[in-house]
């Protein structure tokens, strides 16, 4: 449905997007994930018509929209900084697009209330000035304002970044539901890997304006195409040369020597010492610190002069460890991710 | 070391803190946790001397500081919005307090560099204007500025809220380390439960200016004193009356009928149907959606007309479920948290 | 004028002189001459009305030692406000004391205030009005003469006095008969209002107007500047003479020097020199012989209008107020 | 117990500031006005009503008053229309040559008064360029077509848009680009965005600027005097005449009170409209507004045509003033140029003769001193008021400091003159009239309300936490003020200082009453030269002076706005200036194109 065809965007001398090609399917929830400054917003804004590409084409439904002014692309957008109209009330903000489209009064009223309810804004809040709302409420206004127009395409630029965890979770679910309910094709921008993983049909991981990998969350997480993707998503532990060498010698091990090797911290096992190793490499260490996170505990384990983080879900360790406990960390060879010094090369 | 004694703070007619009493021990990392607008910042700012309490006393080391001007309380603070001096360079920002204290030039220079290194600011960044830094870097300057004075007490008002997950994790660890290294008594404000859980020695959960519970992270999470605390921290599933009734009838069950009952989503088990129930209540359902989060998967499971979220850590379910799969959800009676309609009453 | 080096307020060596006639190089010239005579002078160069207001305001703490150049009306008012101090100059016998008050202020220069006409329109004054009232009674002149809009200027006040004094009626409003007020109303109504910032001569050169009020010295310097010639009309009833006076300011800290300066300044020698330099007619009869004869002749070619200046001084503010409120517009 | 005292009473700096403010206000704002009112209305122990009767009975006074109010109201509309357009053309839309347009429009900031009128006369007057063109093409157009209400409104409209250019531009710069984009996204046309999103955000600033415009219209002197003709004379000249005539001062005071009532009414109305407060962007990080391309080619062309037509309107008068300053009085008066009209004599006189240079020295010194004093003093006062925003003390201080806006300038000055011509206890039993200081005091007083308002806005823009952070780091109030607050408001303070400085350079109305005899500023010199009471016509010299003033004003503005100061600082100390250049000027008009 949406296609970026070799799109290049420059700001003066600086090339923000060198040569972006992407395809997003109808109804898909597609996420651009990447560190701050990698060009996520730029890509969205180019699709919305706020940046002119220096070269390349943008297709929507096969139609070239590269030269179309933004008010005629029929795209909805939730801005990174909300971009609410400070001089209007919440209601006026949400109704703005409908009024511009000259919808009848009754309909405007009804649709505003309907969407307000969906994003959990109370009627009392509707009549406040936007400056009187808290950050989270403002964000919901921005979302409502975009959704009320029922766009076929919705662009979301980190719409949840300023909310507290509880509200963020709530809105994630709601957003996803609304998106599925209306069948809106969505492009979502975030630097929160967890958010990207949980919401997206597919994820494109960007770095310096280049796509590092496109795939489903599981593909990206478990079969990270590049070292960048592997380290950016989730927490990993880099294995030392000695460990790699020992792992490669285990029977049936796919691990090769001489490559940069990682293992996701939740794939590390933490056991008491001297237990059978199930075909893993086992290293002894001492618990330095245990950070209780509720549904998992993150242990900092000292191995000689290095510290390794191990994330243990509650159910896997009915018997928790404490600082000072002597433990053994285990790595299964099939959990090792390997990369060439740079460039995309996966080992698994 | 720090004591709030029946502190009441009003803004005009509005009472932000009705009657706050708290005690923080020397060297403790104490967290105020609560939803937006509950009075966390107000409590901190009152301790710092920016709000005059209408009644009550503030004691530091047993000394009454209620009427002391803020520049003589010897308290360091990291502000929610950084509050950096925009007209000064990074170096000048950090050196500000030392210069005010008329420390010799050499010492200022040395200490600034030392602290800069600790918060991972490069010497090149020291000479930039603060506006030239990214959000995360600015936050580190704010932290460095407070720490360079080696305050005995450090107040932190959501210092990590604007950072991306990776950086946030990094800084959490660093902050905690600095705090322990210097033995600084810290009061930390956040609305992020995860952050509160992982960093704090003790947590006070606030709602509408009142303390709902004070305790260690584990106490607060596993033995939430009130319904509010239980639902605010972590994700819970509210049990229907029928389920409660059936749970109460299981052998040796502590569950009582007629109370509001919850279970943490990660305590729910998800199995194929028709497996032994290990003394649990088992309910059949159908998987609606599976959200992959990397190190756990969150399932939405349909039970009749209700949907239940179940969080399954990766290691507990080597065989993952997909939408449409028929499954059985299990609840162990000892995992049920019960509360009176309102007011603090724990069942466990 | 910058303060002279080494001088301060009330410096005994330096005389502070308020005057409205030290512009156009007259001040510098006088300073030079005075220096030769042993006086150090400082001028405050302001319009007549401004000088009067300053002197009134400073009455409690005078800064000026001597004031000169203002006309009777101003001096009458200053006298009434007790700003001046009596002094009889050494040359008091050489002037017509009745021009001043014979006590506090003494005449130095007299100058006719005239109605002048553009020679291009009225060659040699032919066809020009013979007296002020013709301006608003003869239809051809309607809109062709300039009337003042700002009433603060000394010349303007002279002209108004010259017209209004003809209608003195002690029972009338501000001592003027109803007819007088009607006439002055006509005068303003049928004239072409002056344009702020544009000189009468400039407007005559442009052909916007053909005549207007002017004083003697002004006429000659402007004719040269604008390259046009004008003729001053000489009505039978005469023209108002602006007589400039000099006086000592009450409470001056330099009374002696002030008196010496007045003696020197009004004396025949300096007045004659001043006349030759600036085309004026001195009142000092001894000076007349050495004065610029053209100036004296021209000045004498007009009949002085018989005006009771005390009466004018008493009523002028009222007239101006009434004209501002009820006549102009 | 200490804590029962109001918060401000616990801060030594606040108490000192308040004491000085109270004394200054009493001595120079309150007492002089009371003295004046008493003097004119308390005749023989009773309340005199003569003035009201005289004024009400005078058709001319009433019509002049009507004209003044009409002018003020008209300008409130026209200046806003042109001002908003000018700001749109230079800051909002991506027009070609925006920088040149801005410079052209900004010429209205560097000159004014009678010389400005003369400039317009060269174009529209009876022998002006345009008039000649018109009368040739359309013979039925009279030569003196440019007169009366329309002419006054026309000239004053273009003369008064400077405030828009500075202040509206600044608030335009604070609009979040993304709000514009999101409106477009929702299908709003450019016109709708402008009308529904951009202008409403600017409204508070527009209201604030309208106060200035209204005051300017109410007190208009030179333009209606010259261009008003018979039918459109305003009240200011009459007031000036009455103020100058001791026996008529009660009329001047009565008129002043009437004008004051209109001013208060306007302030109240606008304050009510303004109540919504300034709309700060709610964005965490707002993106700077970039100039908008006009999509519709016709609208684009029309916009360009109007913008450049306006440029011509703005630039021609000052350009002609500069041109004619090199000619003799006759050419100036008649608006004609011949080959032999040109002369450098006037410049030689103005620049070489020491007596001709003196007024410059005096004017520049007074303006500089007064501009500095007013800004320094108000920095402390505004700091006080913004630190304790809700206290009654702040409210009172704020009201008192607005007195000079409510009382017309001439009346303030008269009050000072009358009060201080006798020894006054409030200034240690001294007589101030005739001293060098009193004119400076009057200048300071006159600039207080304007400075106060803008400075307050700047202080309110500072994040409170910054101050608190400094205090937690152990800094005293004074240290915090000096090292943290001051650098933040400095750009605004500098801009205000420049505007104040420029506006006092050619002052006449105040100086004529209060200047020390030996320290007469330029305004008096200029007025004397044009008053028609001197033998030679000095209008040529006046043009020269005006051009020199324009140069000074331009330099001042360049220092503040054009980055001149930064450039000079950079030369002096490269390291320091580099960092400072990061500070955004809060009134920054220049588009960073």
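As written, the chain order gives the labels A, B, C and D, with residue 1 at the start of each chain.
As a convention for this text, a contact is a pair of C-beta atoms (placed from the backbone, for glycine too) under 8 Å apart; a residue touches a chain by one contact, two chains touch by 3 or more.
As the structure is a computational prediction, the values presented were derived from the model and not from experiment.
Counting C-beta pairs in contact, the pair that comes out ahead of the other among A-D and C-D is C-D. Between chain A and chain B, the centres computed from C-alpha atoms are 22 Å apart. In terms of their C-alpha centroids, the spacing between chain B and chain D amounts to 53 Å. Taking each chain's centre as the average of its CA atoms, chain C and chain D sit 37 Å apart.
Residues of chain A found to touch two or more other chains are 135, 162.
Within chain D, the positions touching two or more other chains are listed as 284-285.
Multi-chain contact residues of chain C, defined as those touching 2 or more other chains: none present.
In this structure, the chains touch in the following pairs: A-B, A-D, B-D, C-D.
Chain contact summary for the complex, chain D toward chain B: residues 2-3, 7, 284-285, 463, 465-466, 468-476, 479, 483-484, 487-488, 490, 579-580, 582-583. Residue ranges of chain B in contact with chain A, taken from their complex: 35-37, 134-136, 161-162, 164-166, 169, 191-194, 197-199, 217-218, 221, 232-235, 264, 266, 291-296, 298, 311, 313-316. Listing the residues of chain D that touch chain C in their complex gives 54-55, 57-61, 63-64, 114, 117-118, 126-127, 222, 225-226, 229-230, 233, 237-238, 241-242, 244-248, 251, 328-330, 333-334, 354-355, 358, 361, 417-418, 421-423, 431, 433-434, 512-513, 516-520, 524, 527-537, 539.
On chain D, the positions that touch chain A within their shared complex are 176, 178-179, 181-189, 192, 196-197, 200-201, 203, 276, 279-287, 295. Chain C meets chain D in the complex at residues 1-3, 16, 18, 20, 23-24, 28, 42, 44-50, 53-54, 56-61, 63-64, 149-155, 193-203, 205-206, 208, 217-218, 221-222, 225-227, 278, 317-318, 320-321, 324-329.
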